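Shared between the two complexes below is chain A, which has chain B as its partner in the first and chain C in the second.
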Partner chain A sequence: MALKLFKKDQTRAMIDRYSWAELVGIYVGIALFLFFMLAPFIEGFLVSLKPLAQLFSSPYSFLPENGSFEAYRTMWVSVPSFGRYIFNSLLISTIATIIVLILVVPAAYAFARFKFKGMAMVLAAFLAVSMFSGAVLLIPLFRLMRTLGLLNTYFAMIVPGAAFLIPSAIWLLRTYMMRIPIELNEAAYMDGASQFYTFRRVILPIARPGIIVVAIMTFIGAYAQQFIFALTFNSKTEFMPLPVGLFAYFGKQEVIWNELMAASFVGIAPAMVIIFFLQRYLVGGLTAGAIKQ
Partner chain B sequence: MGQLSLKNVVKTFGDFEVVKGVSLDVHEGEFMVFVGPSGCGKSTLLRMIAGLEHTTDGDIVIDGKRVNDLAPVKRGIAMVFQSYALYPHMSVYENIAFPLRVERAPEDEIRKKVEAAAAILHLESRLKQKPGNLSGGQRQRVAIGRAIVREPEIFLFDEPLSNLDAALRADMRLELTRLHKQLGATMVYVTHDQVEAMTMADRIVVLNGGYIAQVGAPLELYHKPQNTFVAGFIGNPRMNFMPVKCVAVSDTGAEIDFNGQKLTIAVDVPADQRTALIGTKVTLGIRPEHIAIGPGDAVMTIRPTVIEHLGQQTLGYAALPDREENFCFVLTGTQIIKDDQDIQVSFSAADCHLFDVDGNAFERSVELSAMTVPAQT
Partner chain C sequence: MTQNRAALIFAWALLAPAIIYVLVIVAWPLVETFRLSFTDASLRKTTNYVGWRNYLKIFDRDFLEIIIRTFTWTFFSVLLKMLIGTFGAVLLNCAVPGRHVFRILTMPPWIVPMAIGIFMWGWMYNGQFGMISGLLQRFGIVDGPVAFLAYGNTAYWSTIVTDVWIGVPMVTIYFLAAIQSIPRDLYEAAWTDGASRWMRFRRITLPLMGPAVITMSMLSLISTFNSFDIIWILTQGGPSGSTTTMIIDTYATAIGSKKYGEGAARAVVICIFLSLFCVAYFRMTRKLAAAEKT
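Up next is the complex of A and B:
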């Protein structure tokens, strides 16, 4: 008999029934996995609560003694332009996401619906491009940016980032759009709608959950990869995004670890808020009732 | 208006010829049903009329105008899809209003027309709901509503009832017949269900392998099939076919030798073929429902392997020597017969069909008007 915490066996589907030992195994596994995932975050948060001196005390104590949120206040004082870095990060990621969506949504639709010569080749090429990470192409990109005189601009941090996110976004959205029944296009065509009208009034609303997934993925991707582009293509302090800005807490003598950790958490917060906001629009089963499956 | 003509229409996909030269006239206001086994080209033909498929060769003419290269909406055609193809993110109202929105019709005209269509289809109380909340029959009605709101001259239906359960299908059949009377528009309807074809059609087109096997009124196809394909396809269970020998031909018909019994089948054999026919093999066709227990014109003893008791009917299947297909018979009412026991059955010569070696029928000398419903005038 399983724990009383869980649904009674009688009300469970047969396929969902587990023995007591199996349940323990499942939850131990989950706990182990979660611990490895979350340990750095927990440690980081605990560090942000400790006074700096305690970090180097021996023996090391994980739990902060007389911990406080003081670092969350002093971080703004020791690096005054930290707010600007957060803004830069959000700006770069948001604009990259918008550019990617504007290019990817029509492209994915075209790949999903139309047959044209060389389609398989172009798709394969996109896949091949996404195998290169930005780092491999940093040096050619740097020369390109320098020749074009684009170093030390937002452009240099946004456009390469967006370009590397496009292939996987196309593949993702294309798969989603291929699941929209072709009969809807035919029905709209019978009703006199043009390709573009059908795309705008029929396909886009139905593809919305897929587009939001792509938006979230792209936003996270742009947020994560901006470090490498910002580090190489930008040396102006006022354009620095958050990951590069965090270096400001690395002093000449010492690293202000507690403020660094506090700044990391504060820096992530706006992105988290945006992702949670977008997630609310993820509604499944939007094609229910379109056709008989 | 709403007169549709197909002139030697051909459709090929690559090297594969799906429709192999179909010529047909659909009269104004007619309910025309395309029927045939799957892969016979009936859906392709409909999609060509709709303007969804390119026509490889031949002409599609609507009201005297060649429309091969016109978009569907310019042909004055609306289509109802097998899968409904409703827009899932729009309410029923917006689904029906979609063609009018495309035309940029004024708002009050849209409301008037959508409400009129909803009234015809009994959807008034559903207008605000999304298709996902509707039953199959209601979804199908919304799809029909989207078709009628534009007031086309020709309606195309691509197996619209095949996704519904049996009871709902019967209801929708009545509904569609009523709708046809009410709108008076030309309707072309594709189905593989011969019951739908027989009950709804003014005329039926039986397609086989890309060709028209026969065009005619439902009862004409039943009583005077022109070939073994139509004879076997129309009528359920299938007609029984048996090889027999022709022994004599006269003005009254052909005399055949059926298991040693001489039968005269009242068919028209053209005078120039008569001498050649004598002594050759022909095919005798008899429908299962024309077989009775006991003596008659032609008697045979069979041993049914399976008996199905349906209450209103009793069906039996028996293996015949040297024949792959079972011999099937249908008796009215509940008959007390058992499987694996010999019984004597018979049929009347007047119910027989006769086909030549190539499967083409000799026309039966029966007065069709005596067997069919008089045409409406």
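Up next is the complex of A and C:
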């Protein structure tokens, strides 16, 4: 990149040239910043390698002495249902994402394309919704779930979870769809296509990349934020998602820390795989909507 | 005209499912919270209207303290998120080798399930065996083990640090995008005029980041005010209430002690604050949009 720019325009390359002192400063700064971001993961990983006896010994040693991946094996033995928790998490996130997409794709299109009276108000109301967290509405939600007979089922976690993911998904997809040229709608209208046909056959295929970004964002959001509803609306072990299931490693006497950390890393893996492959879309998708309007 | 009419019906038909869903799951509970706050609802079968009694009951010195604590906690957390986010965004914007990898490495705290990140912090704060206390002792900064979550003051700051850690990635990425959308011509012109790197940062980057900083601090203000998982997992509001924010207090009253009516009254107070933030946020975005147009 830098090389290409240099050929094109000398100023551009010169402006990006750093002195040695500046380079050192930048890297030290980045190192400090990333250390803060990653220290818990580094420490967590090292803990997962240490035998339990070494964990509870003073003085503190940063590196494991005879580290092994033993905890990654025993974690499945101490909490046999751990695989189930990961499955639950994935299932809850997937269904929540599908619900959100079904609701959000048409709504985002409507907000992007039509300007009828009252719609701006509704959009603002959607945004306002995202500001009230589930924690504030917990009491009536609990009663609602009880009335609907959803307590202690997957849907007790999916239904409220999805509702709080809708506003940001609408916002993101709307911005994306606003960039689809209106001429496409006009051309479809000229050819006698109905509104629905235009939406289904013209807009949806073009919007697919945006829909994918929103789907990933929603999935990650659902995967990351499964705590409060799972804690409050579900007490059945077999339906517990990962964040609550991890409490199984909190024994009666002490926490099995090395296994807890090992289990955490195994639980993170699905999300990490997604990020690794899709980070380019994510950074683009996240920022495109927000800034360039 | 008929076409317009069809479009109108079509548009609202597209919106209807999402509107209905959010009405049932969010708007109705919101209304219900207000109604419940005037009742003595609990696990008992019967529920009576008790007027303002819940509100009279909750407004005591303790509750006032909790409100103040929530605001200071939120203030420090948002302030640190903005400072560290700006720091990170400016550095990650530098055209140095490896910057793409660094940007990816910023994201884990945000992407990983919150509870997992919080467990890891829980271990780090451990006095006997945790990393922070261990390293502080190693370098001779403190004499004995420091159990960060065992004392009011350190627990307060520990929960803030964890909240900042979870919030910084989003702020950083957003600020980075804001910096990158600044036209390069400005920097080139300044560079040609001999402005130093610091001058260019001070006079171009910072002022043009303004709208992004305002937007982000409002959004973080709202999410931080609502922060629940971190405090609940690390301290459950303790020790002796030193990390009890309004959300934690509401949860403990409503779900912990099953006093639904009183909990609802506490939730209503949160809703009032959130609505104020909401109005402020919409006002500000409108002002920013207007400023951009002129």
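In the analysis below, the second predicted complex is superposed on the first by the 257 of 293 C-alpha atoms of A that agree within 3 Å, B and C clash if a C-alpha of one lies under 4 Å from a C-alpha of the other, contacts with A are read in each partner's own complex, and residues count from 1 in each chain.
Simple rule for what comes next: a contact is a pair of C-beta atoms (placed from the backbone, for glycine too) under 8 Å apart; a residue touches a chain by one contact, two chains touch by 3 or more.
Quick caveat: nothing in here was measured; it's all calculated off a predicted structure.
Judged by the touch definition given at the top, the superposed model places A:Y197 against chain B, while chain C stays out of reach. Contact with chain B, but none with chain C, is seen for A:P205 once the two complexes are overlaid on the shared chain.
Ranking chain B and chain C by residues of chain A touched puts C first.
When the shared chain is aligned, chain C comes close enough to touch A:I102, but chain B does not.
In the superposition on chain A, A:V24 contacts neither chain B nor chain C.
In the superposed model, A:A269 makes contact with neither chain B nor chain C.
Using the contact criterion defined above for the overlaid structures, shared-chain residue A:A110 touches chain C, although it does not reach chain B. Using the contact criterion defined above for the overlaid structures, shared-chain residue A:Y223 touches chain C, although it does not reach chain B.
Residues 189, 286-287, 290-292 of chain A lie in contact with chain B in one complex and with chain C in the other. Remark: chain C residues 3, 6-8, 10-15, 17-19, 21-22, 24-30, 32-33, 36, 41, 84, 87-88, 91-92, 94-96, 102-117, 119-121, 123-124, 128-131, 133-135, 137-138, 145, 165, 168-169, 173-174, 176-178, 181, 184, 187-188, 191-192, 197, 212, 215, 222-223, 226, 228-229, 232-233, 247, 250-251, 254-255, 260, 263-264, 267, 270-271, 274-275, 277-278, 281-282 touch chain A in the complex. Those residues of chain B that touch chain A in the shared complex are 50-52, 71-73, 77-79, 81, 83-89, 98-99, 101-103, 130-134, 136, 139, 146, 150, 163. Those residues of chain A lying in contact with chain C across their complex are 1-2, 11-12, 14-16, 18, 22-23, 26-27, 29-30, 33-34, 36-41, 43-44, 47, 55-62, 89, 102-104, 106-107, 109-111, 113-114, 116, 119, 122, 124, 126-129, 131-133, 135-144, 159-160, 162-164, 166-167, 170, 189, 195-196, 199, 220, 223-228, 232, 242-244, 246, 257, 260-261, 264, 267-268, 271-272, 275-276, 279, 283, 286-287, 290-292. Note for the complex: chain A touches chain B at residues 181, 183-184, 186-193, 197, 201-202, 205-206, 285-292.
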